[in-house]
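Going by the order they are written in, the chains are A, B, C and D; count residues from 1 in each one.
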Amino acid sequence: MGIWGADEAAALAALGLHALQHRGQEAAGIVSHSVEGFRQHKGLGLVGDVFNDPRVIASLPGRSAIGHNRYATTGATLLRNVQPLFAEFEFGGLAVAHNGNLTNAETLRKVLVRRGCIFQSTTDSEVFVHLIAISLYETVMDRLIDAVKQVKGAYSLVALTSDMMIGLRDPLGVRPLILGRLPHSGAWVLASETCALDIMGAEFVRDVEPGEIVVIDDAGVRSIKPFSPVSPRFCVFEYIYFARPDSVLEGHPVYTARQKIGVELARESAVDADVIVPVPDSGVPAAMGFAMESGIPFEMGIIRNHYVGRTFIEPTDHIRHLGVRMKHSANRVVLEGKRVVLVDDSIVRGTTSRKIVDMVRAAGATEVHMRISSPPTRHPCFYGIDTPEESKLLAATHDLASMAEVIGVDSLAFISFDGLYRALGHEGRDAMAAGYCDACFTGDYPIELVDKEGRLVA
Amino acid sequence: MGIWGADEAAALAALGLHALQHRGQEAAGIVSHSVEGFRQHKGLGLVGDVFNDPRVIASLPGRSAIGHNRYATTGATLLRNVQPLFAEFEFGGLAVAHNGNLTNAETLRKVLVRRGCIFQSTTDSEVFVHLIAISLYETVMDRLIDAVKQVKGAYSLVALTSDMMIGLRDPLGVRPLILGRLPHSGAWVLASETCALDIMGAEFVRDVEPGEIVVIDDAGVRSIKPFSPVSPRFCVFEYIYFARPDSVLEGHPVYTARQKIGVELARESAVDADVIVPVPDSGVPAAMGFAMESGIPFEMGIIRNHYVGRTFIEPTDHIRHLGVRMKHSANRVVLEGKRVVLVDDSIVRGTTSRKIVDMVRAAGATEVHMRISSPPTRHPCFYGIDTPEESKLLAATHDLASMAEVIGVDSLAFISFDGLYRALGHEGRDAMAAGYCDACFTGDYPIELVDKEGRLVA
Amino acid sequence: MGIWGADEAAALAALGLHALQHRGQEAAGIVSHSVEGFRQHKGLGLVGDVFNDPRVIASLPGRSAIGHNRYATTGATLLRNVQPLFAEFEFGGLAVAHNGNLTNAETLRKVLVRRGCIFQSTTDSEVFVHLIAISLYETVMDRLIDAVKQVKGAYSLVALTSDMMIGLRDPLGVRPLILGRLPHSGAWVLASETCALDIMGAEFVRDVEPGEIVVIDDAGVRSIKPFSPVSPRFCVFEYIYFARPDSVLEGHPVYTARQKIGVELARESAVDADVIVPVPDSGVPAAMGFAMESGIPFEMGIIRNHYVGRTFIEPTDHIRHLGVRMKHSANRVVLEGKRVVLVDDSIVRGTTSRKIVDMVRAAGATEVHMRISSPPTRHPCFYGIDTPEESKLLAATHDLASMAEVIGVDSLAFISFDGLYRALGHEGRDAMAAGYCDACFTGDYPIELVDKEGRLVA
Amino acid sequence: MGIWGADEAAALAALGLHALQHRGQEAAGIVSHSVEGFRQHKGLGLVGDVFNDPRVIASLPGRSAIGHNRYATTGATLLRNVQPLFAEFEFGGLAVAHNGNLTNAETLRKVLVRRGCIFQSTTDSEVFVHLIAISLYETVMDRLIDAVKQVKGAYSLVALTSDMMIGLRDPLGVRPLILGRLPHSGAWVLASETCALDIMGAEFVRDVEPGEIVVIDDAGVRSIKPFSPVSPRFCVFEYIYFARPDSVLEGHPVYTARQKIGVELARESAVDADVIVPVPDSGVPAAMGFAMESGIPFEMGIIRNHYVGRTFIEPTDHIRHLGVRMKHSANRVVLEGKRVVLVDDSIVRGTTSRKIVDMVRAAGATEVHMRISSPPTRHPCFYGIDTPEESKLLAATHDLASMAEVIGVDSLAFISFDGLYRALGHEGRDAMAAGYCDACFTGDYPIELVDKEGRLVA
C-alpha cells in the first residue's frame, strides 16, 4: 500500500491497510515522509489496533507514505520483522514493503553476511535493502534494478524515497499490484487489491504489469521494464480464496470468478440434495453459483462467529472434547433432516472440514456432500501463501475416496482444471494464452526454488 | 450466562460469552465459585481479549460460574460497572449478572442512598444487590424474591451463591433466557440464547418462563413462580435484529423468522428490479426471503469488513469527505447498471442508510429501492436495546416520502405489523393470543416507565 | 494529606504525597473537588509512578484535594483498597483518607454487613464511610462525630466535602497530623508530617491536637473537640524510625531526637572500638550522636543502594546462597581490620541484622558490636506500624545473650527506656507528664484491642 | 558487565547491573548464550523494572551473559539504542556492550554507510559491530583488533561469542574495567566497578589494564596487548563523583579519595563556621573529611528524597514558583541560626547549587559557604560523562567572585589541582608519573576529538 501526493497520506495508508486486512493480520506498519524526514510506526496486531490513536497518525506527517500488513508464512512475529523496513543510505532514506516470497532469500542472505552485511530481521525485504545498499550503481533506481535482478521469487513491492514512490511486480506477476488515483487531489495510490481504492474513494487506473517498475513523483507516473518479457503467471488462488470478493484483479471481478466456479462445479459434480450451504465467508459466492446452476435452494446453514480473534484461549483437551466450535456454528433449522451440499474453497489438512461435517451431521443433516471450488491442494506454495509441507496436505497422501472417508462425507468433488479455467474465461488449462500459477495444485513451479534446492548459485 | 456442575466451569462460561458476543462488546466478566471461595475477572473489550490468557482462566477455579457481556445503553464503560457484580452478605457471597434495563432503577437508587446504601457502580444490577442486602427476609431466595418484587423493568438475571445458581426472567419475559444441559456431565447451563449451548455441545432443555425463577443445585432444577401470571411480551426486535440467526427463541428459529419476514415484505412491497442485495450481516436472511418470493436474484452486493473494531481511528473531516467506507464496501460487479433492492433490518437515524445508498449509487446502480424488515422505529426502547432519543429517530419526525428523500432512495417500504406477525406464525397483530413487546414501533410500553415519568413511588 | 483553597490543589497534594512517600509505598491516590464535582485517580506504586502524567493531574481540577499513600499492614494491595475512598451520600459526596488502624474494624464490619451494608474494600476507611452513611444525624459533621465515637483505634483522618476539608486525630493522638499554610494564597494544608509543608514552601501552623477535629472552609479553621480529654500517647516509634529526619513532630525535631538517643546509647553502652558505622538511612543520626559522645570516628561503612524497588527479581536459592546484598553493601576500606560499632534503629526478626553483620565481617571487621536506638521490640503494633506477630519477634523469644548469638555480634545493647525518654526531654519513663505509646516495647496497649480479643461489643 | 562460566549467568548479570545502576538509569539489557544460541532482553528504565519478572530471566538461559546500563549522553532513548548490540556474523553471533564515547564515531559511520553498511541504531557500539563485520581478517579476535585500531575514544567494552567473553579498555584507560571471580564456581566477572563484584560475593582479581584485551574462555584468562604502551589517563571525575563510594578503582578506594579531598579542601579553604553540611549523597565523604580536618561538626543538614524518579510530573510554573524541592529538603534544626559550610562535588550550570543555597538560607542559615571537591568545571567531556556545552558551564563564563554571586553564597572555593592530586597520593599535578584525564577542568584532551573537529581522516 502506498500513497503519493495527498494530505494526511499516513491516514489514507492506514485506511488502505484496513481494507487489505484479509491479506495479513499479524502486524502492521507505515512509513511516511515529510520535510521533517521519514517517520515510522509499527505494531503487532490488526491495523485498527496498531493505528488506533490519532496521535500515532499525527506522528506520521507528510504527503507520501507506504504501509504493510504482515502475513507470516513462517516463524515468530517480532516487531523488528514488521514492514516497511527503513534504512538510511548514502543517497538518503528508503522504505521498502513487499508482498510475496523470494525463493533465493536464504542463499542471498548467506552471501551478504559473508560480505559483512548485518541483518536485523529475518524478512526477505531486508535482502532487498542490503542489495540496494551495496550496489555499485549511483542512483536509487539503478541500485533497485540491480537488486531485483539478483532476487528470484513471487513478489510485489512498494518503496518510498524522499523524491518518489516506486511500485514493482515480479517478472511473472504472480502477486497483484494495482495503481489508482484520488479524484480531487490527483494523489497516486499503489495497493495489492482494488478494494483499497474503494475504501478511500480512489479510482482504478490499471494493474501494474508483470515485471514493470512504476515510478511516481510530482511529474506523474513513469514506467520502466527492466526484464525481458515472459509469459505471466498470476496466482489463481487469489481468485479462489485469497483476494476480497469485491476486488477486481487482472480485469476479472473476484466475486464473479467465484460464482462461475460454483456454476462449473455444479455442472461437473451434480448431486441430488435439499440445500446448498456455503462454508462462510469464502465459500459463499461459489455456493450461490452452485445453487443457481443446480436449482437447489441456497441457505446460510453455517454461521460464522465474527468475533474470533487470534488471541482466544485455547480450550483444554477436556473442553475440546465437548466438540467446541469457536469459529463456526450450525444453523439447525436449515440442516435438520436435509441432504446438504457444503461448498468450500479448498481442503488443506482436512481437519477443519472434518469438524464442520461433524457439526452439520450433529445438527441433523441426513446426507453431507462436499464440493470444493479448487482442484486438490497437493503441493506447498513457495510464492507467498502459507501452506503446510506436502506430507500434511490431505490431497497429497490420499485419493478422493479416502479423502471423503477422512472428512466423513457421503460424496466429495473438486473442480476440474478445465472447469476452473473456463470460469475464468478460458477454454481450459491447455488452451490458455496467458497462464496462471497453479503450482499448489499441479506442482508446476514457474520460478526456481533456489533455497529449497540448496544451490548456492541460482 | 451460567454454568453449574461442570469441570472448568469458567472456561465454559467464557465459551458461552464468546457465542453471545453479539449481545455486548464493551466488556466481559466471569465470577466462579470453588472451595476456595469466589473469584472474579473482568475487563474492557471482547471476551477473547479479556479471557485470552490461560492463567486468567486458571485463576477462576470451580464447578460453577456466571459471566456477562456488557452492552452499554448509556454512559462511560468503567471497569467498576462491568458485571457480574459480587458482594459479601451476612449469608455469604452472591454474584449477579443481568441483561436488560430496570425502569425504576434511579428511583430505587435514591431511596436506597437515603437509607445509607453506598453505590460503587452506576449499573442497575447494583440496585438488586442492595435490595437483597437490606431485605429483612432470612434466606437468599426470600431476599431475592423480595428484591425482584420491588424492581420494574425488562430483564433476565443469573445469580450464583456457594450453594446454587439462579436464573430469572421478568414477569413479561421481555428478554430471553434459556436452560440447557451438557450431555455427559449433566451440568446445567443458563444463557440468553441457544447459540451459547451449541458452542459447547450442550442440549436445549427449555426456555425459562416469563416471571419464573429456576433454582439449580446438585439436586437438580426447581421452579418458583413468585408473580401472578400475566400475558407475556417477548421483545420482537430480538427476532428482527438482536439475536443470532442460529438461535431459537421461544420456539421460533430466528433465521426462519427473518426469512419469512422477507417473504412477507416481498409480498407487501414488490418492486421491479434486477437484484436483491442485503445490508450484511443482519439483512441477509430477510433478503434471501425477499429474493425467493420475488424471483429476483439474490447477490452479495455489499461486502462487510469483518475487521472493524471499536478502536479504529476516527477519520478527520478531510478524509471523511472522500467518502470513506470503514464497515461496508460496494461490490461493483453486482451493482453496476442494475436496479437494486437493498434489504436492511431497520432505519434508526438514517445516516448509515444514506451512506450505503450513496455508495451503491456510486458503484453504478441505476435505481435503489430500500426494503426494511421491521416497522418504522418511532420510539426509544427503555427495555434494554440502545436507541437514541425520539427526536433523533428518523421515522419519528418524517413521513415515508420524506424518509425516502433523506435516505436518497427511489422507493422505501417497511414491513407492516400484520406482515411481521404473520411471519412469526400469527394471524396478525390484533389476533395474537400471546403478545410481543413492540414499543419501539408502536409506543405501547407494557412496563411502567417509572424513572422517566419522575414518580418517586412506582 | 489535604489542600484547601489553592490553585492546582491536586498538584500540591501530589507534591505532599511525594514528601511523605516514606510513610507508604504500595499505592497512591488523590480526590479533588471543583465545580465539576469530585474527581479521583489512584494507582499501585510510588506517587511518582501514579501521578507521572500531566494529563492525570489535569484530570483532577479544583482548589481542594486530599491524597493518600498506602502502607499495607496486611493483605494484598488491590486498587479498590487504595485511598482516599469516595462515596456519594444523600448529602453529597465525601472523600476520606486515614493513616493508622482501627482496633474494632472487624467487629464493626460484621455489624454493618448484618445491617445490609455492602463493602467493596477491606480497608478500615470503609468502616468510617458506612458509619457516616447510616448515621441518623443530619449534617456531615454530626454524622462524622457519630462515626468516630463508634470506632476505636489509632488514626489520623482527612476528609473532603464540597464545602470543607476536615482533619481529625484519635483521642490519644497516636498518629501525627499537622496543619500548615501556604504563604501567598493562604491555602490550608493538612499532612502527617511537616516535611510535606517544606516541599511546597508552606509554613507550619500547629499540630492538630489529640481528639481534635479541625474544619477548614473559606471562613478559616474551626476546632471541634468531641471527646473528653485524656492523657495523649504519641507513638514513640515515629521518632525512632518512621518519620522523616527533617520533620518536627509534637515540637521535637526528629533528627535531634535520634542524635540524642545515640548520645544516651553511647553513655549507657560504651564499647572500645575503632569506628562507628550506621545502618543507613535510619541509623545515621543515632550513629552520629553515638560517635560524638564516644569520640570514636563516624564512617559510612555500609552503602545503601538507592535503586532498590519492590519489583526486583527474587534471587533463586542458588544465587541467594552467594550472599547477595541487594540493598546494602559493605565499604571495605572503612571496615577492614577494624573493631566496628553498628548503630541501627531496631531489631525485628533479626534476619536483616544477621545479613548485615555477616557482610561487615566478610569485609574484614575484627569485632562487630551492635547498638540499637530503641528498646527491644517484643510486641506487635496494632496501631498502624507493620510488625510481625509476637512469635516472630526475636526479642520476644530470646534474651540479650542469645539475640547476640543469633545476630552474630560480639556485643549487643539496646537503649533503656529512661535513656530513650531522656533523649526526648523527660526525666525518664515514669516521670513523664504526657505519655507516649510504646506498646511495641512494653506491651502496654493504651487502646482496647477489640477485634483481637473477639468481643462483639467493645 | 559480563559473566562467564556460572549457572544462571543472566541472573548474576542482572545483579551486577543493579549494583552499577548509578552509571546509567535510562535502559538496561542482557544477552546470554547457551546451547540454544543467543537470547536477549532489553527495556527502558531501571534494571529492577526491566528484569522484574522471573520469566524474563528464565528466557535468558546459559552460563555466559553480558549486560549494560544505558547512560544517555545525547538524544532520545529508543529501544533499538539499548545495548548490548547483537549481530549474526559469518563466524557466528557476537554481542557487544561498551561504556564511554568514541570521538570518531560519526566520521567512521559516514565511511561505513558509504560502503553499504546499514545502521539500525545511533550508538557508537554499532560502529564496532560494522567494523568487525567488514574486517578482512578471519578470526573474531583479529577482526576485533582490526576494529579497535580504527576507533578513537574513551571506552571499555565487553563482548560475548559462543566461545569466549572479551573485555577491553581503550589505550589510555580512561574508563574503568575490572576482572573478578566467583569463589566456588570459579566463574569470571567483568564489570565497570568493584561494587558489582561485592553484590554477588565475587572476589576482585585485578583491573583490566589500559589498552589490554582479556579473553576469557573455559581455559582461563588470556591477555592481549595490541597497542604500543602509552601513559594512561584514568578519568579523575570517577573519583570525584561518578563511581560508587564503596568501589576501588585503580587501587584507590573511592570513599577514601573523597574524604582526603575534603581534608585537602579544609586545609586550602578554611572558613569560620558552625556546621559542615554535605549535599547528599555524593558530597558526604568529602564533607566528612572537611569536618574532620576543620574540627567543625558534621551534620546532615540536607535530606535527600530517595523516591525521586525520572518520571515525576514536572511542576507547572505556578507551583515551581512556590520553591518546590523535589529532590532535597532542608533539615531546619541543623541550619537555623548557623554559619553553614556546604560541601558538594561540582558546579555545572549553577542552577541546582543556587536552589540549595536558597533553601538553606530559607531554613535560617546566617551564612552559607560553598566548598567544592573538584576544580572548576570549564570544559565539556567528550569521553563518556554527560556535560552541557561550554557556554552553559558556569565556571567557563564566570570568575570566582561572580560565581559566588550567582550561587548566592558568602564564600566559594574549589579544590586546587595540587590538592586534588595530593588526595590521590601524588605530589601534585605536575609531579605525577601516571596521569589522569582531567580535561573537564583543564581542557587538556588526551584523545583526538575527530568528529568535533570535522576531519574526515583522523
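We take it that a contact is a pair of C-beta atoms (placed from the backbone, for glycine too) under 8 Å apart; a residue touches a chain by one contact, two chains touch by 3 or more.
Since this is a predicted model, take the numbers as computed values, not measurements.
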item	value
Most remote chain, CA-based centroid, reference being chain B	D
Averaged-CA centre spacing for the pair chain B and chain A, given as whole angstrom	36
Distance from the mean Cα position of chain C to that of chain A, given in whole angstrom	63
Between chain C and chain B, distance of the C-alpha-averaged centres to the nearest whole Å	52
Pairs of chains in contact (touch as defined earlier), listed by label	A-B, A-D, B-C, C-D
Residues of chain B that touch chain A when the two form their complex	7-8, 11-12, 14-15, 18-19, 21-22, 25, 46-49, 51-54, 56-57, 182, 195, 198-201, 244-246, 248, 253, 255-256, 281, 284-285, 288, 292, 297-300, 303, 305-309, 311-316, 318-319, 322-326, 329-334, 362
Of all residues in chain D, those that touch chain A in their complex	87-90, 113-120, 129-130, 133-135
